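Paired with subunit B in one complex and with subunit C in the other, subunit A is shared by the two complexes that follow.
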Partner chain A sequence: MKQQLRFTSEIGPRCFCILLVTYLSLFNSSVYACASCGSGGDDPLILFPWETWKAHLGFARVSDFELIDQKGETGYEFGPESRNTTIVSFGRAITNRSFVTLTAPYIVNQRRERQMSGWGDPMVAVRYTMLQQSLENESIPQVQFIASYRTGDAVSVYETADPARLDVRGSGVPEARVGIDLWSAMKSIKYGAAQTVTTPVGSKDSEIGDVKPGVAFRTTLTTGYGWGDQGKVLCGVNREYSFKKSLNGQPLEDSEMLAHTAFLSADAMVQRNTNVRFTFAKSLGLLDHRNVSKSQTLTMAVQRSL
Partner chain B sequence: MNLLLIRFSLVLIAVFAPIFVPKANASCKSISLEDFKSIVVQNNYSRIVGIASWCASCKPHLMVQAKDGERRLFVVAFDEPEAVSSVLEKFKIKDDCVSGDSIVNFLGISYLPWAKDLAEIKTK
Partner chain C sequence: MKLTRLFAIVFTLGAFYTGCGRNDSVKNEGPSADAGSSVCGSGEVAFAKGKTWSAKIHWNAGPKMGLEDLLENRFCLTFKNSGENLSSSVKNVTVIAHMPAHGHDTGREKPMVDSIKGPDAFVSNLYFIMTGYWEMIITADVDGAGLDEARVGIDIRD
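After this line comes the complex of A and B, so read on.
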């Protein structure tokens, strides 16, 4: 804790807070690429219609972190050099048109030869299919309503006791998310779009004051090609914009967050009830970024209907 | 302003309501397992096809009409009978169609598309 306070006094509370929220963005912009039958707007696991149970196990390696400041320039570098995350998720149908998923990440942060690990914040998500795809009219996409809640209990930058923040595994503030996910997959050429809004539930009482992240908007556009049930290749972009954070109730200048990420994923059916998916996601260098950590992510995931 | 809003809402409802409300069609009848067994014997079906309206991979089964001498019976699996009825209508399928969870369990349909000759089912 002493190390954290010394760090604070060196660079000033305002700058420190911006760096903190930048670092927090690492935990807000997970790219799950494309889930089984949705455009990946929110959660890694999506159940097919009438599927009752489904499990997901994913391994993600995030590396090449590059902190971008409020002007879009490379900022102060700290934190892990790589992060390995094991994502465990279970989905259960509630009705024929809705399901709930519970997702928990186990995070290993690494910097050179040092590493620290532990559970991140679990997330519970609900999806309701407002409009189901049908062979009757293949042009009409599936429309799903998304709602999720992520806890803020995992160690955050506000409680960290490690100078390199290797023990940080969460944002520190619970968050709720709602959105709409469109997905058209009846033909060989697939496309999807998702829009979600994330709002913090409460704020974080920290050493530097009462910190509250801004409301965030996330847009996902996806397209790709599928070979029947055997597999598909998808690519897309994510844009995430977060409004200003507040410190002690006052908006924090230059604290808006903007991130653009591109992803490419390929999945294949290895058994009738099992899919394997590989995803590569990378921050788009050509587009603007502000107060965000650019990185690249390689994910391998297995999904099995139970 | 409020009147304008109400009119706008009514137009939206009129445009989108047909999309959200499934068309009424009773061609896929909901029947019991006992009835299913008896109609299979009586009508001498030769092939059973499990189908759902959301199943894109089921499309090849709808693109072909029954072969000469073949009698197909469509079974609604993991879907609403009304939705499948509309699909069969769209593809101008004249074969019979039935619905029932007990039938799906009896046939062991756990994936789609699912299609088997009756002889294969009897052997099993």
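After this line comes the complex of A and C, so read on.
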């Protein structure tokens, strides 16, 4: 019975992904692969101005976890050794300057021979282009306003029932995010920057009291080179800082979080309407970290305009 | 006369050394003078916020995390009342362990008070799921003074 249940819970998402990839490969639509729009930001799926529908399917593997405590010292934790995430995202244009995306992750946590899986918290995001790029003045970047909301329903550390926390797939607290994304991609040399602020929506009633994460600031800087609409290579850095958490309304000392990561990504247009992207991201060991788990992430994604 | 003076000097010195250094909220202490009523060994002493009790913490196992597999930590609490006498009645003892910098506790497994015998409470099932600074919140009602709590910091490194 247990074997059948496991088969059913795993086969559903896998079948869905196979069907989605097959569908995306067969559908034919004309799209310019200016796959640089907004890539200085945090969302996996960006719609270009002339796209109406778009789908994204990504596979990410996070591994080599290394705990860093509040003093910045290396520690150990009894938790997952790797996390595999399947990211499904759909986007729809609202106007020629705005679009909305819905993203849902399916997460598999593994430690040695044991693993547990399930859906993480979905996120809905909206982007509005305040300043569009133009051929008349290529040096003016695109500027987008970002707003998103992520639920907090997936199992978190506050209600885990597994000794290695393999069932943890969310933060436990819904969060809202706003920000600005700047991206210049009209020339071969591309650059972008994004600044977002994420705030918890409510708090978590846990065994030790009412816990509320701190407000987080995330800065992303990106640069790279593109070959027309055929593809591009980008590299960048992220810096994320969270203010102190609070417990029952009182700030928790030494609970600020700081993380630095670097990433390298390569895009290639495999069909006129389909892009494939590979990304490698790793925590920057030379810079300060506090209260985080350093790791490395390998991602492969397919995006197709419908 | 000389013997009297010698006795007075020794008595004064003895009173001086036993009477000082009682202002810290946590300090090390040897086996209780009333060792016949308590079976726990030596350890740090935690003082409740409301000063209604103090408790000596003796670790029977740990404190450790365990790198390959989590280790169970166990300890014994010996309670004294506000008069610094071994308690005759200890009730409603609870222990919570959490990481203040992270805002989470020990996860699925929670510390359990297995039994209370005289002034001693025996705690087990404490698992530190990661290294770092932990805080134990010990709550107890000692000799009918009402619930009071003490917080004890532990730095787990292995």
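Rule of thumb we're sticking to: the second predicted complex is superposed on the first by the 268 of 306 C-alpha atoms of A that agree within 3 Å, B and C clash if a C-alpha of one lies under 4 Å from a C-alpha of the other, contacts with A are read in each partner's own complex, and residues count from 1 in each chain.
What we mean here is this: a residue touches a chain if its C-beta (ideal position, glycine included) is under 8 Å from a C-beta of that chain, and two chains touch if they have at least 3 such contacts.
None of the values given here were measured: they were computed from a predicted structure.
Undergrad: Between subunit B and subunit C, positioned on subunit A by superposition, is the outcome a clash or a fit?
TA: Aligned through their shared chain, the two binders fit side by side on subunit A.
Undergrad: May I ask you to decide whether A:W50 touches subunit B, subunit C, both, or neither, giving the answer as first, second, both or neither?
TA: first
Undergrad: Quick check for you: in the superposed arrangement, does A:S265 touch first (subunit B), second (subunit C), both or neither?
TA: Neither partner.
Undergrad: Please work out whether A:Q133 is in contact with subunit B alone, subunit C alone, both, or neither, and reply first, second, both or neither.
TA: After superposition on chain A, A:Q133 lies in contact with subunit B alone.
Undergrad: In the overlaid three-chain picture, which partner chain does A:N291 touch, first (subunit B) or second (subunit C), both, or neither?
TA: In the superposition, A:N291 touches subunit C alone.
Undergrad: When both complexes are superposed, which of subunit B and subunit C contacts more residues belonging to subunit A?
TA: Of subunit B and subunit C, C contacts more residues of subunit A.
Undergrad: Tell me the contact category for A:A185 with respect to subunit B and subunit C: first, second, both or neither.
TA: A:A185 contacts subunit B only, not subunit C.
Undergrad: Does the superposition put A:S203 against subunit B (first), subunit C (second), both, or neither?
TA: Once the two structures are laid over each other on A, A:S203 reaches no partner at all.
Undergrad: Per the contact definition in the header, classify A:Y158: touching subunit B only (first), subunit C only (second), both, or neither.
TA: Touch status of A:Y158: second partner only.
Undergrad: Just subunit B (first), just subunit C (second), both, or neither: which does A:T279 touch?
TA: The answer is neither, since A:T279 touches no partner chain.
Undergrad: After the superposition, pull out the minimum Cα separation from subunit B to subunit C in whole angstrom, please.
TA: For subunit B and subunit C in the superposition, the minimum C-alpha gap reads 41 Å.
Undergrad: Which of the residues in subunit A end up touching subunit C in this complex?
TA: Interface residues on subunit A, with respect to subunit C: 67, 69-70, 75-79, 157-158, 160-163, 165, 206-208, 211, 213, 245, 247, 252-255, 291.
Undergrad: Could you list, by residue number, the parts of subunit A that touch subunit B in their complex?
TA: 49-50, 96, 130-136, 138, 140, 142, 185-187, 228-229, 272-273
Undergrad: Taking the touch rule as given, give the residues of subunit C at its contact with subunit A in the complex, in rising order.
TA: Subunit C residues touching subunit A: 65-67, 70, 96, 98, 100-105, 107-110, 127, 129-133, 137, 157-158.
Undergrad: Which of the residues in subunit B come into contact with subunit A in the complex?
TA: Touch residues, subunit B against subunit A: 19-20, 52-59, 62, 78-80, 83, 86-87, 90-91, 110-111.
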